[in-house]
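Before I ask anything, let me first share the structure, which is written out below as structure tokens.
Chains here go by letter, A, B, C and D, matching the order in which they are written, and residues are numbered from 1 within each.
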Amino acid sequence: MTVVTPQEAPVADVPKSSGTRLVDRVFKMRELAILVVFLVMIGITQAGNSEFLSEQGIKDLLLNATILVLVATGQSLVVITRNVDLSVGSTLGISAFAAGTYLQGGGNPVVAIALAVLLGIGFGLLNGLLVSLGQVPALVVTLGTLYIIRGIDSIWVGSRQITAADLPGGFVDFGSGGISAVPYLALIALAVLVATAYYLKHFGSGRELYALGSNPEAARLAGIPVRKRILAAYTFCGALAGLAGAMYLARFGNVDSGTGNGYELTVVSAVVVGGVVFTGGSGSVYGAALGALLLTSINSVLPALGVSSVWVLAINGILLILAIAVDRIVALRVASALKKRNARHG
Amino acid sequence: MADISLSRAVRRSALKRWDSAVGALLIVVLLFSFGFVDGFGNALNLSFLIGNTLPIALIALPMTLLVVSGEIDLSVASTAGLSGAVMGALWNQGMAIETIIPICLLLGVVCGLINGLLVTKLGLPSLAVTIGTLAAYRGIAQIVLGSDAVTDFPTQYLDFAAGRIGDTFIPYAFLPFLVLLAIAVVALHATPFGRSLFAIGASEEAARFAGIRVKRQKLILFTLTGLMASLTGIFWALHYASARYDNATGLELSVVAAVLLGGIDFDGGKGTLGGAIAGVFLLGALQNVMSLQDVSAQSQIVVTGVLLVLSVLGPRVVRQISTARAGRRAASTPTS
Amino acid sequence: MTHPSTTGPAPVLALKDVSKSFGAVRALRDVSLELFPGEVHALAGENGAGKSTLIKTLAGVHRPDAGQVLLDGAPVTFHGPGDARDAGIAVIYQEPTLFPDLSIAENIYMGRQPRRALGRIDHKATHNATAALMKRLGVELDPDRPARGLSIADQQIVEIAKALSFDARVLIMDEPTAALTGSEVARLFGVVRTLREQGAAVLFISHRLEEIFEICRRVTTLRDGAWIASEPLEGMTEDDLVRRMVGRDLDELYPKQEVEPGEVALSVRRLTREGVFTDVSFDVRHGEIVGLAGLVGAGRTEVARAVFGIDRWDAGEVTVHGKALVNGAPSTAMAAGLALVPEDRRAQGLVMDMSIERNIGLTGLRTTVKAGLMDRGAERSRSLDWAVKLQVKYARIADTVNTLSGGNQQKVVLAKWLATGPKVLIVDEPTRGIDVGTKAEVHRLLSQLAADGVAVLMISSDLPEILGMADRVLVMHEGRLTAEIPRSDATEETVMAAATGRAAA
Amino acid sequence: GGGTTKKDVANEGGSAATAGKADPNAELKKGLTVGFLPKQVNNPYFTSADKGGEKALTELGSKYKEVGPSSATDTAGQVSYVNTLTQQQVDAMAVSAQDPGALCTALKQAMKNGIKVVTYDSDTTADCRNAFVSQASAEDLGRTEVQLLAKQIDYKGEIAILSAAQTATNQNTWIDFMKDELKKPEYKNMKLVKVAYGNDDAQQSFQQTQGLLQEYPNLKGIISPTTVGIKAAAQYLSGSKYKGKVKLTGLGTPNDMRKYVKNGTVEAFELWDPAKLGELAARTAVALASGQITGKEGETFKAGSMGEYTIGKDGVISLGKPTVFDAKNIDQFNF
């Protein structure tokens, strides 16, 4: 429950005008909606099962969300620029295996993580170059690289697998350990998230990502280096997918050629539920992170409530639609309020 | 003036070229395989090829229309699975198959309608909605049929879905597909309905201002997609003689990949059905050939990926070259 | 304050023998132009003459095929709009280029926000600077509201604010006033004069010739991509300028035909849309042109949208020939003989990626049909007919409309709706961005349509156009109809009085 | 009204599986090609099994090949691989069926073309193949897993099952036998509280385990009759406070489970040797192709060093009892 309130920049000393940061407030309202859905869900579950929010329960909840939060953060950046990266699942899988292979020989965990991130950066660059230089639809290109990377992964990995026994004990313990109820992995994810959000809001190049997603033609006319920014977004997304791969390895202690298969849909769901709009230009990484938290928590809530796993999939889908619908309704409300407040002569 | 139209024509044909290129590529692959791949050219193999590709082709029909109008339905495979599951469950109840099939088709219509209403009435993005219903419909299928696998459908139906006409390469089911294909081609490319889909896909707002009933058209499309998906689900269960809740899992990605390969632009407003269907059968044929040549499944995945990337890079390169050429020609044309 | 036009200081920015082609279309042919510090220079020409292309060449959007761009007398190559901006050139493009999801303040300062330590953006300073700009332009736009949903006029104002914020040496404006009414234009000119006095060079495009004469000192005329003349405006008349542009004498700009109004065609009763307009009632008769005037944001467009069914109304009634229209259904409005030429041609009027033929054909999907299938022959001849009638300048009817110049795009929108043979025609800013020659043509057309019995409701921010064309003028102020003025009484004063709410009628 | 219903079909009667005469003394042919078609290539379990098949085939002087889909739920892909093998005119194929019915048409087509079909690990309906090589009798597996867990928890307390997919035929049969075993009096203090499904996905199995423990705080033991499930459950338990307190057993491979046995998360689990399963499948295929057997009940054949096997009811050949792995013996195995 760490991923909740975006920090305000320390500008409290300056008095704010009446309409201060209205755009931000819209985002926050939408995040709030997801947060409310999430809290209600957790509340109900806790009422039905008092074990749910035990120390172990909270730790599990956070651990489950961690990897998805990371990948969703990277994905949001790409989606904000009106693109998409479907290859994240494949990238996650291959970098997890690379890190695992390195660690098998008893390597240094830090180097292993760096290796995973570097591999992610490599694939991110590939995607970014194809999309930005080729100026071709991201959906097709990254669906293509999804297949390519997955194919390469399974040719390379074959039927090998890395199991917890192959990894240094410290690495695996790190994956499940933490400070009381807060796992180390969640702390890393949180740090990445907060840094990314701060960057997006307070740095020129971060704002330019929103600008070029909002109107690419106008971005070009405004002299924004469109290709460079898109390339950077993809690279960052790849890097986080790689980092997530290393964390996956630490957490599950188990990687094979199937790792990360089908993950793209989960990531896209998290981002969409989190209110990052697919036509670009709007949404926040906090929203995406909340979306990820919400989605993974659904999978913990239902078993904890004793719902038969036969029902899980159906309920999952319906909740997903509900979350989007609630978000949409809130957004509409906000928009109409905005319109009334800002009518020029009203 | 003649010169102007010539160079414009070059540019236009470059834009349109990709779907013809896919068609040409398909023919090349077929010719090559007839000549050089053992076991490809015989009627049995070809009927296998067509039969196994049919589910993707069936769903690709409405999917193309949907994508042209700027929307997408990722729940198709789940709708197909749900229809199969309901078919199996009702069959187990002892209901007649002739009653079950219309019920399942109706169910598909309802599934599509739900997607359509969520998109048009609530204004939700179809990508998100159908990721949701992808899970929901599959989940309902699981609730309906549980762990059962129903296999004992009547032989005449199984034979129709899996058999072929005499010793030819044509599966029985291919004929109805051709009829549906013809209907879809006419609907998309020769009717006001199809024309309005292109307009909606290219600019929804402008289409609305032109008096096109955007929401209604989209609702119709989603409903049709649901119907076709359930038809595919029924076909699948009969073709493979197996109704399980997880039938056709992941088929949506195959459809999307094939349609993309056929040059349909996911931003909407562009593409031809011919291209989409060529894309579907190109992927099907390639997979068949590669399997016969003992190319491993993993390498086949890589080939699919490379094809997809080329499918978007290719036309772009062609376009650039041809505009450059047109530009050079124009520069050397003296104007009065 | 005055510089001789050919001697004295070097031009700050110049084009020398520049040519630019798009495929086979030669948009600019050996064009030269010199911009001096402290002058406001007009660029005149018909639609499609190459004005916007020239501007984009100066701004680094297009690279010239031949010829040079000279900055302070030295040849430069701009690799992109960023380079031109860094050289001190600010541009307002013909079509607003805003980021709909970002706030107005961010729109204005994107890429060059004031910074705090460590390169972080100073949001507060950005806000304040924007507020100051808005004050300078005399508009009340909240710097923090998103640009989405701004009317075309407001978007244009944001564009102007953006250009001003550069404190540029060269300010280039491509039809900045096309969507503005008198008072905003006056404000803008006030600001331009200040800039001129500070030594900036301004290049100004407008199809409103009186504006050119009001603010500019010299004019360069283009025709069909070719340079015709660069000369002082002093001593020239509007007719002279028009002759340069079109190569012949111009007909009457407002060829109003007197028609005896017939039956009531469109009747709007107590129409209300919560928070947008209230209790709007009026009639339009066959053969009549009714003008709808008002300040920017008065709600005229909203009324038109609601009548046509794009937006739903909350209360009231719209009838055509006594038959009530369905709320929120453009298709039934069309079936009843209504047509709406919307104000935003790019977003609402046209499908930019579609051909001219198909765009015009879009309103005929019900009529150019044989046995349920599209009758392509009929569609083509219908489109060709109207494209020719409205003198759309194009290479091939199958070209996409985004290759057309702004004015020609507007003509395609008109063609698309006139082709439906409407009984009631609502036109929202019908001549926005249309050159004088064509404007006269459009006016003649509207007049002819009225004479043929069509009921015309004309929304325009161009007051002379309203006064010249309308049989009756309705005036809106803050979402209410404040006056109905017959042609005989309609003057700038009476209309403006009602529009600003100073007088109730 | 009219129409075709399930009853009509039942009356049609099953189609007869054609079978020639077996010649127990027939020479084992050499130079045959046997295609292995696992549920999923790149799956370590199937790779071990198919390696066993390859070894046997090399020994027998025949050719081995492996084809298969890269996803365990891509039934259509598996069908097209059956077709591919048919087109390539292999002499026999060994198939682990993703779906009992879906492969039938294609497999019958193959048999019509003279190809012998052996299923292994996962069966199809009996008339779609010549023989099925079963990893162990379902009954043995089901009952021994309950016995293993019972010993670890002193025949007392709540237990749960973490299975693969709800449709997994194998798992379901085993679970039925587990339930039956639990009816015996010695288990009167044990209660099966839930069967959860992790869909053979590491993350889902992980979360299902979490859910079980939260829902049933008094849970004493978990049986996971799937290699993916037991591994995920073990990984979760070993990183949680339940490590050592909640017992875990089921089917796992020694390589997967070594770490958890050594760190005390898991006491004992069981499995057959997949390589042996593949080997038997290969030998059965060759015996079929050589005409030594036809797949009828009662026929016997010699499977090289593995000894003699008799074909049981419905053409099922059973590999034998599973091996139990614990801290003492686990290091002797490497698969």
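Convention: a residue touches a chain if its C-beta (ideal position, glycine included) is under 8 Å from a C-beta of that chain, and two chains touch if they have at least 3 such contacts.
A quick map from chain label to UniProt name: A = Autoinducer 2 import system permease protein LsrC; B = Autoinducer 2 import system permease protein LsrD; C = Sugar ABC transporter ATP-binding protein.
In this text the structure is predicted, and so the values were computed from the model without any measurement.
Taking each chain's centre as the mean of its CA atoms, D is the chain most distant from subunit C. The centroid of the Cα atoms in subunit B and the matching centroid in subunit C are 43 Å apart. Put simply, the C-alpha centre of subunit A and that of subunit D have 37 angstrom between them. Of all residues in subunit D, those that touch two or more other chains are 41-42, 70-71, 166. Across the assembly, subunit B contributes 142, 146, 250, 296-298, 301 as residues in contact with two or more other chains. With touch defined as above, subunit C holds no residue shared between interfaces to two or more other chains. Applying the touch definition to every pair of chains gives A-B, A-C, A-D, B-C, B-D. Residue ranges of subunit B in contact with subunit D, taken from their complex: 38-40, 42, 44-45, 48, 52, 55, 91-92, 94-99, 142, 146-158, 162, 236, 239-242, 244-251, 287-288, 291-292, 294, 296-298, 301. The residues of subunit C lying in touch with subunit B in their complex are 21, 23-26, 29, 65, 310, 329-331, 333-334, 340, 342, 347-354, 358, 361-363, 365-366, 369, 372-374, 395-396, 398-399, 416. Residues of subunit A that touch subunit B in their complex: 130, 134-137, 139-141, 143-152, 154-155, 262, 265, 268-269, 272-273, 277-278, 310-318, 320-321, 324-325, 328-329, 332.
The touching residues of subunit C, counted against subunit A in their complex, run 59, 61, 80-83, 85-86, 91, 93, 97-103, 106, 110-113, 115, 119-121, 123-124, 127, 131, 139-146, 149, 154, 275, 295-298, 478.
The touching residues of subunit B, when paired with subunit A in their complex, are 74, 118, 122-125, 127-129, 131-140, 142-143, 146, 250, 253, 256-257, 260, 265-267, 296-309, 311-313, 316.
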